[in-house]
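Chain IDs A, B, C, D, E and F follow the sequence of writing; residue 1 opens each chain.
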Amino acid sequence: MPIVTIQITREGSTPGASAATAEEKAALIKGVSELLLDVLNKPLDSTFVVIDEVDTENWGRGGLPVEQYRRQQNSGSPE
Amino acid sequence: MPIVTIQITREGSTPGASAATAEEKAALIKGVSELLLDVLNKPLDSTFVVIDEVDTENWGRGGLPVEQYRRQQNSGSPE
Amino acid sequence: MPIVTIQITREGSTPGASAATAEEKAALIKGVSELLLDVLNKPLDSTFVVIDEVDTENWGRGGLPVEQYRRQQNSGSPE
Amino acid sequence: MPIVTIQITREGSTPGASAATAEEKAALIKGVSELLLDVLNKPLDSTFVVIDEVDTENWGRGGLPVEQYRRQQNSGSPE
Amino acid sequence: MPIVTIQITREGSTPGASAATAEEKAALIKGVSELLLDVLNKPLDSTFVVIDEVDTENWGRGGLPVEQYRRQQNSGSPE
Amino acid sequence: MPIVTIQITREGSTPGASAATAEEKAALIKGVSELLLDVLNKPLDSTFVVIDEVDTENWGRGGLPVEQYRRQQNSGSPE
């Protein structure tokens, strides 16, 4: 009876999208449920999936909000 | 000093409601805090409760987003 | 399809017990599942409960590990 | 920069195993990281995965500890 | 490779603010990442931080929604 | 009334240590509670901290269990 929580930033993966689409979310739910079936033999019906979308200003890495972190990485400045 | 996290889908439990009401949330907070007091003798004051409302398209079961899962269950089709 | 996570310190609620007993855990699971049924009309079968026991040295309050915090509270020293 | 948390009961999926094996865990980590790459174009390197193994007496469903719940399901008694 | 989750109520810390500001969030991300570096020698780059803002009606303490709890504390009524 | 969850791998930060020490944990609890006080004016007493130690085989990055990931990074092989 697995529970899978997927935390992602709230932003699009394609131009023009501002967040993961319903289709992308459905693909995550399907994929991870099938993974639990394949690897641990957990019935699809017993796996719960929760997708948690986090605003980019609420996500940090490298001591910085994620958008600043990415700009820093891209600029080649030392970390 | 318990912490209780209650994750529910963001939808109403009664016709016309689109989410749990403030009264329902207060009843969850009261009920679960009293449960910890009754079962484990934890003072009410030391229990924190967080209710996390999850959009239905972000909640999966049976490999499907929850609304599709429910339609499938109701239609009697094999799982 | 609620998910309830109950985080408690790993310690007994009665003399001689070093952790919540299986009976106490069963009572938490039963109580919180019935609460979701009563308040939000969620079927018992669709509620998952996870109890997470946390070692006391891994739990902090008031800027202190919880056992130090309790000693400080009981000694009446200013916080 | 996704974070995926996979909560499973601490029990084996094959005879003689008392928990998921290191190989099964590695397969979960690989599979879910590749899923995020495929669906949302997240680089493998930016996905963190945490597997949280929960003792069966700490996992509840249907208002019961999970092992009791399974026995009830298998016995065909009304829920 | 630590993951730090900071759950706070969605409310301002200064007059006129209705939530933590982007600057306050950046200060939390910076501070906690540096703490992990100082205490456990974790490189800044390997620490992920997620800030989870919770509506006040979804946060409970003392068996009450947090705003009621605070009014009760301030009024000096017995808990 | 913040709740801070710090997830770290269960391993030592100094030679001979197999996990974070009680002193290191106390420093994390103190540091993060003071950070919430400094940045958001949250009283020390109202911040809860939970440290969650995760076995290295249960932690993944780059599609690999973390110890394999680190070896790969150090060997300079392409990711």
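FYI, a contact is a pair of C-beta atoms (placed from the backbone, for glycine too) under 8 Å apart; a residue touches a chain by one contact, two chains touch by 3 or more.
Just so we're on the same page, UniProt names per chain: A, B, C, D, E, F = Tautomerase.
Since we're looking at a predicted model, the values are computed, not measured.
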(message) Per the definition at the top, count C-beta pairs in contact and tell me whether A-C or B-E has more.
(response) B-E
(request) Could you give the separation in Å between the centres of subunit D (Tautomerase) and subunit F (Tautomerase), each centre being the mean of its C-alpha atoms? (result) 22
(message) Report the inter-centroid distance (CA atoms only) between subunit D (Tautomerase) and subunit E (Tautomerase) in whole Å.
(response) 29
(request) Would you kindly tell me how far, in whole Å, the mean C-alpha position of subunit F (Tautomerase) lies from that of subunit A (Tautomerase)? (result) 21
(request) Would you give the residues of subunit C (Tautomerase) that are in contact with at least 2 other chains, written as numbers and ranges? (result) 1, 3, 7, 28, 32, 48, 50, 59, 61
(request) Using the contact definition from the top, classify how the chains connect: line, ring, star, complete or other. (result) other
(request) Just spell out which pairs of chains touch, all of them. (result) A-B, A-C, A-D, A-E, B-C, B-E, B-F, C-D, C-F, D-E, D-F, E-F
(message) Touching residues of subunit A (Tautomerase) toward subunit B (Tautomerase) in the complex: what are they?
(response) 22, 25-26, 28-30, 32-34, 44-45, 47-53
(request) Spell out the residues on subunit A (Tautomerase) that touch subunit C (Tautomerase) in their complex, using ranges where they run on. (result) 1, 3, 48, 50
(message) Show me the residue ranges of subunit A (Tautomerase) that touch subunit D (Tautomerase) in the complex, using the header's touch definition.
(response) 1-9, 13, 20, 24, 27-28, 31-32, 35-36, 38-42, 59, 61, 66
(message) Applying the document's contact rule, which stretches of subunit C (Tautomerase) touch subunit F (Tautomerase) when the two form their complex?
(response) 7, 54, 57-65, 68, 79
